[in-house]
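Taking it in order: structure first as structure tokens, then the write-up.
Per-chain residue numbering starts at 1, and chain names A, B and C are given in the order in which the chains are listed.
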């Protein structure tokens, strides 16, 4: 498969998406100045309630690079080992953008070993989140395309901010194919027909449309997203943990088992795609376009 | 798995549920006075129409014990052997309560053999109903939690009474996990996402909400439930029996085949759960609470 | 399985359906005058847009006989081999009837070899359309029962004409069972519960109801069907072909793979049904009834 960069298409995408990509451009161009040592997540655990929050904290758009994925994984590991931690709210420290998806810099002229590690980290984070013993709620306080949408779909419940924010698996818009486990997660959430259409067209849904098709569970004013997530969490924590967790395992088990069976095959497939020279050419053009975009406003 | 009795939770459950559980307490306390010889179902077959009704008749709440399950099985067997019987309406002789689910007395300090027989009977009733050659309609004339909901989900069509009545698989509320075949039946009816949420949270739906998510097909005034079911049955009986039956088999076959493959495993799992001392402690506390509840009103 | 002809039932079917069947009767009675050499599809490819249209052109009701199926297959083969062809709109040259489904004349007193070839052609057309590399849109400009509904369900998007037109898999109405791959296509489109009900009852949906359950995607005035399909096609062609195609393959692959595994078994089953003397008796009565129906109006 070749990534086929389509400049007209990218111009055609909504203004909201343009802002996300512009911020990604900024992120890409600033990359050398980021301090690799600082954690890219902010974790808080309320000992009274047992509810943790993980804030994605890789400004400007929380694009998922190896470090951010690793930090999510470590944070989640630690929380899941704490007996008193019962729930986790996933959100962003950058209001307006929940997560812009994968950091394409990880896929541009990569060392093969690093690219492989990057993809395995993404797989691992998905697997951990989708099968987490914790009650998990996504507080989607901004745009949530591609990998950002995927992260939110792993949670048990999704609260999204009203406004111009978009959410969806828009991979095809850039000539890419969402891997089978993205598709399975989407199908489990919105059903086969809607997923088929959404994935083929790379649909980015408005909050209202996302609510209509069941991609999110609640749509509230931006300033109420976190509070709504916390109130909803109380509902989930009323349920005895063990029964809730075993029920979740039973519902999500088949999807997780299928994933584990094909996990290595999936890495091989993506590596073939990334290391392809046509992909690299397209990516180079795309990233260059991002860098030269005008950052007129937020 | 341990059943984790949560008194606060039970207090928190809706008033409607409290009534069901209170009636269950009464049933539990009155158990010794019940006549084991009397059939716990009332069966009528209209020879003109070929439509049978099975009324669950184990007052006060039709909780499913070994006898009731056995009586359902026998009734269904007989009806299915009569060539002229083409449809069956499942309802309750106690308006206000369709069926309260499993009788926990069967799981409290049980002889292992009896408990095993109890669970196998539940499996058998589900399997017979879900794969029945008859056109089946549930006339849900009252509350229908847990096993009551399951019974209704096996039918081809569900008519429910308007009012304060609730329906759902609320097992997690009591720290229990609905077995995989409960989950499959639920997923087939309302889809993966809604089932996942409903089962984790042990959701009891109002009639309106049940209609919205497709858990039931019609919501009518209580006095019209039976009549609506009978009118609906005419629609189903307009279809040539063989074609309808083969179509049903093809749609439900995969779910039934999966069940048959794991049926014994499921018995072993539930026996381990029932025979666990922690489960027994929790059940003892729970049943004791039920017995001491005030029965203030219906 | 025996086809059980039910005259009362057929009388009970809606007037719209009666028109379709009446036209089928005409078709059946006129059969000897049809010119086997003329193609039963009209194909156009717009070289500028890369969008082809295939018009089913076997008046009066486009009933699917071996020739029409073969012509569809050839047309599709040719289009898919043309590199510049990116999308295909499937419609009818007879406004008012998209496609009436299978031509029962192919199943009445057939030579076994011909009947087998007929069924294989139907399988092949379904497989090619469901897995087509093209973006496919059904412009449903009239009634679309049974096989007509199936054809439309293979497309990526469905636009239907407002009015009295009906769509659905109504096989059980005639005592027939929709094969498993009809069922799978239906379930993928409208979900398990709705498909189970629709297939058992042989439901023919009005446009409004079809839109409500997701059986179609848009409902527009008859004169706007083609134009709407073309506008929608532009949306699909904005997506890079390869990414869209691979995404489609991933979504539909499991259904296609299951089909391929059971394809021969399916032929054997249908042949057993067709060659059964009871089926032939019922078919004879049915076709005779059609021939003697009054064709009062459209």
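Assume a contact is a pair of C-beta atoms (placed from the backbone, for glycine too) under 8 Å apart; a residue touches a chain by one contact, two chains touch by 3 or more.
Which chain is which protein? Per UniProt: A, B, C = Enoyl-CoA delta isomerase 1, mitochondrial.
All values reported here derive from a predicted model rather than from experimental measurement.
Return the chains common to the contact lists of chain A and chain C.
Looking at chain C and chain A together, the chains touching each of them are B.
Could the interface between the copies chain B and chain C be described as same, meaning over half of its residue numbers are common to both, or is it different?
Here the answer is different, because the shared fraction of interface numbers falls below one half.
On C-alpha atoms alone, could you tell me the rotation angle mapping chain A onto chain B? Nearest 5 degrees is fine.
Rounded to 5 degrees, the superposing rotation is 120 degrees.
Taking each chain's centre as its mean C-alpha position, how far apart are chain B and chain C in Å?
40
Where in chain C do residues touch two or more other chains at once?
187, 191
Taking the complex as given, what residues does chain A use to touch chain C?
1-4, 6, 9, 12, 171-178, 180, 183, 187, 191-197, 199-202
Can you tell me which positions in chain A touch chain B when the two form their complex?
156-157, 187-191, 214, 217, 235-236, 238-240, 242-244, 246-248, 250-252
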